[in-house]
Each structure stands twice: as C-alpha cells, then as structure tokens.
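Shared between the two complexes below is subunit A, which has subunit B as its partner in the first and subunit C in the second.
Let's turn to the complex of A and B:
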C-alpha cells in the first residue's frame, strides 16, 4: 500500500526562478540545494573573441562532454538559511567560470557574453552590466539568459538534466506565450525527459499544507494576493502590485537622500578600498577604489546598491503596528546601521515610513523614485479584501480563515501583526487566521518547497509532460496539461 | 584475558583445571571429561560471547539466559538455543531495493495495453523475488543488468487514485432530443461539460475559468444548466434501475437556481455587516437572553404562587420552561418535550394500578372501585389517583373542607395535621402555606402544659419519646390523640387536686370551728358546702401553688384517661 503521505520519489528536479533568486534542488527534500541570484551579468564581446571561444570549445569538446556526464566534484552545495543573494558559494564548476565560458553563455546575435551565478554577478569586471531574464512582472522575457540560469543551477546541482524529470514554477499571471517558451527551454535546451510547469501560488499553498487559501506573497518585485481553491488559483481574484521588497528599499534610499545628515549616497562594497570610523551622521571617511570607478556601469552599481539597501532594510526596517501615524512612528526607538563606506547613523522615522510602501502606498505613490508611476496602488489589506471579495461568497470564510503569508519581504518585523490588525478592522465579522511559517526556508522558498512536495507525490506522476508528448503535440501541450 | 585464554589460543593443554575455575574459563572443545568432580563446570550458553559471559563473574546467569527465551532446557541441564541478544542475528536478509523503471497506467499516453511510447519513470522499489533467489551470482546480475531494466513495471500503485467525478456526457442525438435550451448553444454546453470534466465539478474554479464570448455566466447559471442536463439525461435514458433509485438519483441532482441566488444574497448581506450592526446584533442577542431568563424566573414564581394559593400539586401545562418559551416565542419547541414528560407519570400510574389491584384501597376508592359498571373517565382517574396515593402513602386534604375553627382537643394548640393548611394560625408560623413537614404542623400541648405532658409520656412503661419518630398521617393523628388525652388527663388531675385540697382546707376549717362547738355534726355537710366564687378563686391560686410540691406522679392512670 502507498504510504500515508503518498510519496514516491522519482528523483525529479525542481527549479523555482523568482525575480530575485532562483532555487533548485531535488524533489522530496525540505530545502533547495542551490540558491543563486536570478540576475545575470553580461559584457559585450567581439566576433573574434567568439570565434576564439568556439575554437577552444571544439578543442575541448571531448573533455567537455566527459565533464558533464561526470559531475564536477567541486560543485558546492549551498547551505541553509543563506542570504537571499547567496554569498557563500565559493567554488563553482569550471564550466561556468569566466576562464572557460560554456558556449551557452555566449549570445551571438547581441554579441554578449553572460555570467550567471553568484560569482558571475558579484565579481567586479570591467564594463559588466547586470540584467534580469524577467520582465517587471516576473515573466520570462529573455529565453537564452533564462536557459543559462537554469543550466547553471543544474550544474551546481551536479546532475544531468536529461535523466531527471523537471518541475518549473511560473507566476499566476504568466502569459501563454511565456509558458510555451519555458516548455521549449526545458525540452529543447535542457533536454529533460519529462516536464511540468506548476503555479507558484498553488505550490506555496501546498507547502503550507492548505489546498484552499488566500496566498499573500510579498516578494522582491511583486506583491500578490491570490485566492486558491482546491489547488486551483482563481484568476479573477488575482491582485498584484509592484510595491514589494525592492520598493521598500527604494523608499529607504529616498529617505536617506532627503534628510539623513551627512549621507553622500550609497557606496557598494566593491568600490570601498578602506574606511575609517566616523561619528554617526557625519560624512564617511572612505577611500574608494579609483581603478573600479571608471569601468563600473550604472546597472552594476545599481544592483549592488540595492544589495546594500537590502541589508539595510533587513537590519532596520519595521512595520508600525497601527495604521500609519507619523507622530507614533517618531516615538518608536531608533536603530543604528553602518553602511559599507563607514557612514552610520540612527534611523527612526525612515525605517517605519519605508515599510508603509506595502500598507499605505499612497504615502509614496507620487514619488517616481520609489514606485513606478501610472499605476494604482492599494494597501496590502485592501488587496486581500479585493481578492477575497472577488470570489464566490461561499468560499470567503475558508479564505479568511486560511490567509497564508509568504515571501522574503514578509519577514519585515510586525508585518503579520499589522495585517491581522487591519483585517480585523475592515472585516469585523470574519474569523481571520493568518498563517505564516516561522521557518525561514519555508517562508522564503515556499514555492520551491511546494514543488518539492508535489513532484514527489505518487499520484502526481501521471501529469508529467513527457518528451514524446512534447514531440507529438508541440509546446502547446503545456496549456492543456498544466492548469 | 586470562591465562586460560592464552593457553586456549596457543592450543596448550588446560592446566588450571585444579585451580578454582574462573568464570571466564572457556569451555574448550576438548572432549576430556572434567577431571575431578569437585567443581561442576558451568553450563555453556549459546548465543553469548565468552567475554561477555566472563563479565558475569560469580553471579548467577539471568533467567532468560539460563532458560533460554521460549526454548526448552535440555536433559543435561544445558540451554539448547537459549539466550540470543537481539543484535546478534536477524532472521532473513535485508530486503533489496532496486531503481526500477515503471509506467503509470493512469497516464493518457500509457494507455490500456501499456504502449511502448508511454513515459517511463524510475523509482526505488523492492527488488523482484527472482532476483532474490539469484543473489549468489551477483556479478552475473550486474552483467545482465541491461536486460533486467527492460522489464518495466506496468501497474502503478498510485494509479488507483486517478478518479473522476462521473461527469455526465451526452451524444449529439441526446442533445437534440432532450437538452436544447434557448439560452445555450450546443457549443457552449459542450464547453461547459468539458470544463466540468477538467475541473472535476469544482464550480468555483469552473466559474473562474469560464470564458465564452458574448456570455456572462454566473455560477448559478452554470450549475443550473449542468444539473438540468443531468436530470434530463437520467429521465430520458433507459436504465435497469427501479423507479425509486432513479427518483433518489434525480433528487440528488435537484437545483433551485432562484433559491440559491436568494441564499447567496442573504449570505452576502451577512458578510457585509458593519461593526455598528454587529454591535447592535450583539446587544439584541444579550437582551434576548435576558428576557428569556426573566421569563423563566417569572414563570417559576408564578407557578409557586399558584401552588400556594390553590394547593395544586402541579400546574397542568405551565412548567417554567414552557412559560418562558411561550414568552420568547418558542412555544412549539417545547411541545414534544412536554408531551413526553406527561406520558411518563401516566405510564407509571398504570403499572401501579396493575400492581395494586388487590391492595386494600382507601374508603372512597374502594367504594368506587367496587362498582362494577363502566366508569366514567373522571371516576377512573379518581380511582387511579386513590390507588396511587395509597401506594405512595399520600394523604390528600379534602379541598372543600373548611378548617375547624377550634382544635379538637381543648388543651392542644395549632392546626391539626388532618386539616388542610389553609388557615394559618398566628401562634404557629410553621403552619403557613407551602411545603411543610407534617411533624411541624401537629397539635401541641399548651406551653404551660408541655413540660408536664412530656414528663408524663416519658414515664410510660414503654417510654414514648418527646417527639413522634415516624410521623405518618396515621401516626400523627394518633399522636395528637395521645397528646390530647395526656393533656386533658393532666388538666383533670390538676382540677381534682385543687378541689381535693379545697375540700381538705374547708374540712379542717370546719373541724376547727366545730372543735370549739360540735365537731361531729359539722362533718356531715362538708362537701356540699357552696363557697362564694371569689373565695374559691383566691384559694385556687393558693391551691395551685400548694399543689406543685405535691406533684404526685400521676402514674399510668394519666395515659388511660379517656379524652
């Protein structure tokens, strides 16, 4: 008899590519093994260089083929509870190291050479640009880059994708074209034997053990509140906005620029040569690496500034426990933070006001530096209410009782308390229960975890799209199979 | 390690037989019999290593070791296959698991006959039994591993979970004959049925995914259409089931769209209550509870009052609950409960009647019971009542009886226990209305007589206690009679004493007067002398005081004095 939990391992791989970080790992495990930034870096490359690399590749091809079948021994498995940007992975397979670029990392049409993974993005190089394979809604827009991201993750996982079924995740608002393209990447690019495309929202709901829930996902780029009923999302109830974690960081930056004494802009770590201690609120005493200032592109600097801001946000930011009241926020205790260039100060109002991008975006909506203009923004509570009210009246009590709050930015202290406070005001006659996993992995990587659970279930294996089916029906089969 | 062990290892002859054999001495395989009979060698136990056994020292081995677990001891006193530590050996081998390819029959591409183009996945499964038998030639096995891999498992244990909800589908003819609808085209209906298949009749999801150009369908529209199709198909199709099952099936597919819409409207209203409305609702609820409780309290008070005034045992249909319920508008809910309650005593009475057929009944009931003719229902009820009362020692007061204005005994006060408690006497507050103990309502001697009466009672040969021990109606009545007799006897005795002492005084006075003149003549008209009333009264006071020291114990005569 099948076990109680109905598991049946078939050594599937789960890749969950979010807008900020990509997770990959084996199905059935409780945390992703590979965690890399979703962004990639690129430099321009000349035709001569392309030819040279191709020659090298053909010269090394027997060796290279050997290399893929016997996985590189130094591929390091990343540890649990790591920073979202993943700083710890020191060793990477040689195939992706800058010295020996794989052919897949070269884009002949645009004459670009891509660098993916932690080292690719974080090692400073002359003229390195940072880009992301996703558009601002988190939908795959750059296929070659997405493919190299996936194959890089699989390399880190030391596995041959042609031997393992692959489960990928997609946002709830994914377009039909993007789904088909992802299917193509899986079968044509990665050569997987079987593939499935699962909805990230549904997976997060599964990860918290609820087939019916209202899933609130506060990620880096997008906040979404989506009703899930019996394992299906209700498309008419999808509420999504772009005032998520990154907007909070931008709001912090704006507050720093307008008001913080002695603040001279963010200096990312890679520009700092040495720094000296300085008093709070005074100009930093920093020596910059002059050699790097010239070759640094805007996007590279922006990406790394956002990393610094992310640290700043995680260290100080907090959600006020009552609806926004500036007087109250001023009374709250301040927190110290020191930037990489040595600038340090105590932050009080800023750290509360920035978090209000999520709950009262009207405070920031007119500020183009924080929220992109031309869109309507609503507070998180209103989003949840809208999502629930768009469903059938009979499902509403179940949704109110199963609000699941996941995503990296949901770790802002006080967020769930504020949410339950506001929901209690707006929906006084409902029994509201907010479920938000205490475990870091479960909350940050909930969609990966749900994929891991789903693809190790015995009853799920009938849903895989096989290579044969793909060959027969083409990529459109994903529309029929993955509902 | 002892020297014995070393000797054993070096295959030297055992030298230490004569020495006191240590516990660690090995049981050598030498077939030499024990040299001297002075020390019996310890029995050898199977399943325990020598070194471990040596640790026992001089201690006796444990019972489990000596007896063997569940195994008999041999005739020579040796445990046969006795104590075996659990970790020693496991029965059988570890199960082999193999990375096995399988096909899932639940997949569409696999099909019934398991076509070759179905997806083949691998999982770990217990190895097939034939591979277990051929474990010896493991090299060979690895050699022909390729061949083994070809054997793909055809059945998959999770395939059984691939269920469907039994969505109805129809043929083209059926549609034209039965299912046409002005609002729905065939294509749209097909689309709906297709969605029902896809989403297993989850109408919430179906409504969400339903996109048909030019039509806005609510969930009720879709449900109504689908269930109508089901009903029509059930009706029109020829089936072997009988009418009832079919009717039952039809009922399960009943759907009242209008009602559903109304219900959802009501639920929506319920959901959109404002906090103020909620608070009001709460307040109303609290008020309702309060009123209901007040009603209950009022009803119980009313019943109490009625019982006091009317002397009714119980009010026919006015339990506190029912009155409260009537007040709160819940009259119907308690009806059944009440009827049940009223049935129970009736039944009991019936059994009583059956059982107490031969029992002597009270005067009235026996008179009525003896009439052989058909009784009216009232009479029968009275008869039953009387029999029941008899069996339960219940004495009822005659409701028409007027309370006697005077107690039957001259020297007792209070209300007699035989009269109904309607006339409260100010002297006895315990005779008020309501439930009372009969013993508290008996006639009692006047306070000035009470001590003497009780004293008299205690001097009876079987002493009669100061209190009536078992105050049944009859006993209480007798007790009252006894008390009445005692008190009147005592009173009479007192009168007698007084008269006698007056007589004596008068006589002595007369004698003293006659002693001066003619004492003999004076004696003849002593008792007939009528004295002035005033003087008699004066003397009676003196006589009473004089008689107290006398207080002759009135002996048993007091008891026998007739009232």
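Let's turn to the complex of A and C:
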C-alpha cells in the first residue's frame, strides 16, 4: 500500500503543534505555510442553537451555513465594535470554510462552540473564553479541539487530508495513550491515507545535522534538555521544566506591577478605544471600550495580555552576559517600550531580571505569579549538566561538543553566550560547542523543517503507516512503527 | 539494515569496501556519500594513501559525507596500533536537507559496519583534525 508513493514527489503534509503555535505545510518546502495559535476560543451554546446549526448543516450547502449576520457585520465588529449580544452563536466565516462545517466545532456534551485559528482567538466576542488542546506538559489532552486545530490548519493550506500522507510531531515525553489518540485523530478524524508520528527532539537534532546531540528546546511553555545518541532519545536523561518563554513574560509583568512608575496594568489592544501620547513613566491617557469590559472573560484577557507581554519581551528582554549580579544589571543600558494603551517607559533591570527565569529560577521560584509552585526548578546550565551526566561516560564528550539550541525563546539576546560562559565554568575540561541555527526559520520551526525534509524523501515511503495497516491493527500500531 | 529513520539503504559495495579495508589493510580510507536520488548510501572513493591531510582534503567544506579512516598511531612502549574510525561529516555551512539526510541515515551505515572503534561527528575541520582524532582514538580502550 505505501508503495504507491514512489519518488520524491509525494505531497505529504507536516503538522507540528507546539504549545503556543501550530505550524503546517507541505513536505519538502523550506518553511511552514500556515502558522496559527494553538489555543482556541470557546463560548457556551444552548440546545436550541445546536439544533439550529445541525439543521443548517443537514439542509443547506456549506456556503449558506452562515447566513443572516454574515460577513458585512463581521467586518463591522472589527472596525468599530458595533457587535451585538445575540451574535455569539454565529460562526466566523473564516473558521467555517466549506471543508469544515460548523458542526465539527460544536461540542454537544459540554455545550461549547469552538473558534480556532487567528480570527477565532483574536476577534472579540461576548463571553469568549480561551483554552488550549494541550495539558501543561504539551501533551494532547482535548481531542476534539486538537482535531479542529488540525482541520483548520489544513483548510488554510487548502488541501483535502484524505489525499495526502500526514506527518505529525510529538514531544519526547509524549504518553503512549496520547500517541494512539493522535493516530486516531489522523485516520478517523482527518481521514488521511497514511500517517507517521515523529519525535520533535530527534527531528530538530537531525535538522542540525547531528545524529548525536544534546538538544535544548526553549519553547513557550516548556524548556527541555534532552540527550540524543545515534538518533535515539535517552529517556532517563530527559530534563524538562516549565520556566520557559511564558514564565519570562510573567516575570516581566510582575516587575511592571511592582515598581514601574505609572503602570496601571496591561490593556490589550481589543480594549483600547483611543489613546493619547503621554510622557514616559506617567499614567496612560487611554479611553477604554466600555462596551467590551463587561463581556470579557478572565482567560480571554489573560491570553491577550500575554501576547502584549510577548511583544514587550521580544523588544526588550536580554540575558545578562555573566552569572546573575543585580548591581551589574542595573548598569546596563535601558530600552524603551510603548504598550498598546500608550504607557511607555525605559526598562533596565526588569528586562534582565525577567530573563533570569531561565538561568536563575531561584530568583523567581517562590513567586506564584511567575512560576507554578511545588516544583523544583534548575537553571538551564544545570539542566544540561544533569542531562549529560545521566548518560554513559563515553557519550559525554560528544554531547558537550554538540549542544543544539532551538525554540522561540532561544532568541533571547545573549542566551547562548551566557550558556557557554556558565558551561565553561562548570565543565572546564570539556570541549563545548553550542550550535544554534542562525536562520530564524531553522531555529523557530526546526522540528517542522526536519519533518518536512524527512517526509519528502522518496526513501521515507516505506515508513508510513497506511490506512490499511491501521484498519488491521488499530491505533496501537503507532507504538511499533514510530519509535 | 534498512531501518534508518529516513528509510535510506546501504549499498552492498559499502560493506565490501569496508571488508577490504578491515582485512586487506591496503585501503586506508573510504568516503561514502548518498546516491543522486537520495535512496542509498554508496562509496564515493577509496584510497590507499595514509596521508591524513590528503584524507581531510577529501571532505567538502559545504557538503556532508561519511568516512572510514584506518587510523594508525604509535602507542608509547607498546608499538603500532590500528583503530578504525567512523566519521560523520556535516559541516555547519551545508544545506539543511543534506544535514537532515545524512543525520537520519547514519544509523543504517554505522550498524552495517562491524569493527569500528571510534566515532567522530565533525561539523568543522578542527573537529576532525589529526590531534583531535588521535586524542579520541588513544583514549578508547578496545
């Protein structure tokens, strides 16, 4: 069965769903075409509304499924906020494309209606909540939502999944159960003809040309240091913690709340009606959209505040070049940043101290607003040493010499310099080489890229799990075939 | 021997040349590469020259290769020793597709060749320099 995919042209699809964003695209291309938030939005929905949608879905062609309050009013929502309460039951035109009827976005049991993709989470609606299909370890926990996310990504690619083999990525610590569930989503939900589940860590390691490496992946929710030897993960060496990119953002927020003059809290763009210029460090002159304050949920505000903080972080945050020394950090140059509500200031100590969440988590570990409590946190350098020391003595020199840094938060300026400085102190006898791809795509989407190349190879065709094999053996076949 | 992560196979010639090197002691090094259609690992070159610099000169600065080198060195007070080294050459400047291909296919070749005493993963010329390899080779105990 898999033999039909001969040669290098097999048009496979690659989906790499991280905790913050999901990448999807065609195998063989050098970057993902689709980049959407992994989070989704939902509102509650009544039985009557469910019935109405079901009727529409069964009697009408998909194009008519979102009638009455149709695109023109949606455009209004965006431009001047003349939105209305009764509108929550209507789908966004963007999220109900012909291939994906509104029906699949409804969860009858919990009476929820999902909105996925950029528009799903960004267009404000009354009572909209934000959630994620993953648990805090980045393992798929909500199947229907995960499937909507995949279908949405595939819609944006304008492809029919039943005609293309699909490669998905998984974290190194994925559970057996979650692997089988992902396989089910692929074959049952998306109806793909062939499927493969590849390990993200191994893909990133291969994409940097290294069958053996110590792979450091600093993402939004998880930071991990994992030894890979000859293309296989050494499970006992896996080090992972949750003090990653999002924690740096939360540390920034805490510093703002506790010490930034004139700071009145984050106001995400969707609440800003108008703003006026104000002096640095003074209270912002902002008019809020009073009509939206009432209907905004905590989770929606939090999600969008984190996005603002993320911009703030990318614009200002930096890792101090020496082990943490507050006096030194105070002497470093400051940087300006203006928030969506017009508040602006110069930031110095804050921008360095927040980045220490990664290197000196002890500075923040007792602060429940920054790091979740009841867990042990080690600095990144120590995580790497622990990961390497858990391996065989013979493998260690190769691992020290092949440290690979990937993930969005690895872009924090100064991160690799600090790492090599600290590793030099703690492992003076080892030859240390830190490799981080200079190319943004290669670093941010390294696992997607690895999957893209791998699944585009003609020789890879024999490794796909075909639909026929899945029908014969069930989802457990993934355990035997994708190691 | 087909079970590499990429599905790339090892040609019979790879094993034959390796056997010649191992038994005949005439061949000093072998350079392996991928076939043009990227489905098979093939022999690019074999040489009887023991000149290490000549061997290093065979490694292209922006392309990946695998190589076997029969490393001969003097062990103090114990005479000459021979160690067979397996080198994965993946320079930082090579294309990502090449890196991915060579990294994911390495296991197939490595597992097919029996009797290798040291493995080197090289990303720049300093990592495959004579001194670096000598140090690594003389440290290994078998």
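By definition in this document, the second predicted complex is superposed on the first by the 436 of 483 C-alpha atoms of A that agree within 3 Å, B and C clash if a C-alpha of one lies under 4 Å from a C-alpha of the other, contacts with A are read in each partner's own complex, and residues count from 1 in each chain.
To be clear about the criterion, a contact is a pair of C-beta atoms (placed from the backbone, for glycine too) under 8 Å apart; a residue touches a chain by one contact, two chains touch by 3 or more.
Given the structure is predicted, the values throughout are model-derived calculations rather than measurements.
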Touched partner set for A:188, first subunit B, second subunit C, both or neither: neither
Subunit B versus subunit C as contact partner of A:208, first or second or both or neither: second
Partner chain(s) touched by A:177 [first = subunit B, second = subunit C, both, neither]: neither
Touched partner set for A:461, first subunit B, second subunit C, both or neither: both
Touched partner set for A:396, first subunit B, second subunit C, both or neither: first
First, second, both or neither for A:442, with subunit B first and subunit C second: second
Subunit B versus subunit C as contact partner of A:235, first or second or both or neither: first
A:11 touches, of subunit B and subunit C: first, second, both or neither? first
Common interface positions of subunit A, toward subunit B and toward subunit C: 8, 230, 457-459, 461-462
Sites on subunit A touched by subunit C in the complex: 8, 30, 202, 205-212, 230-231, 397-398, 401-402, 433, 435, 442, 449-450, 453-454, 457-463
For the subunit A and subunit B complex, residues of the former touching the latter: 1-2, 6, 8-11, 165, 193-194, 229-230, 232, 234-237, 391-396, 428-430, 457-459, 461-462, 464, 466, 468-469, 483
In the complex with subunit A, residue positions of subunit B that touch it: 104, 106-107, 109, 117-119, 121-124, 156-159, 161-162, 198-199, 202, 204-205, 207-209, 219, 264, 267-268, 270-271, 273-275, 278
Complex contacts: residues of subunit C adjacent to subunit A: 2, 4-9, 37-39, 64, 88, 90, 92, 94, 96-104, 106-107, 110, 119, 121, 123, 127, 136
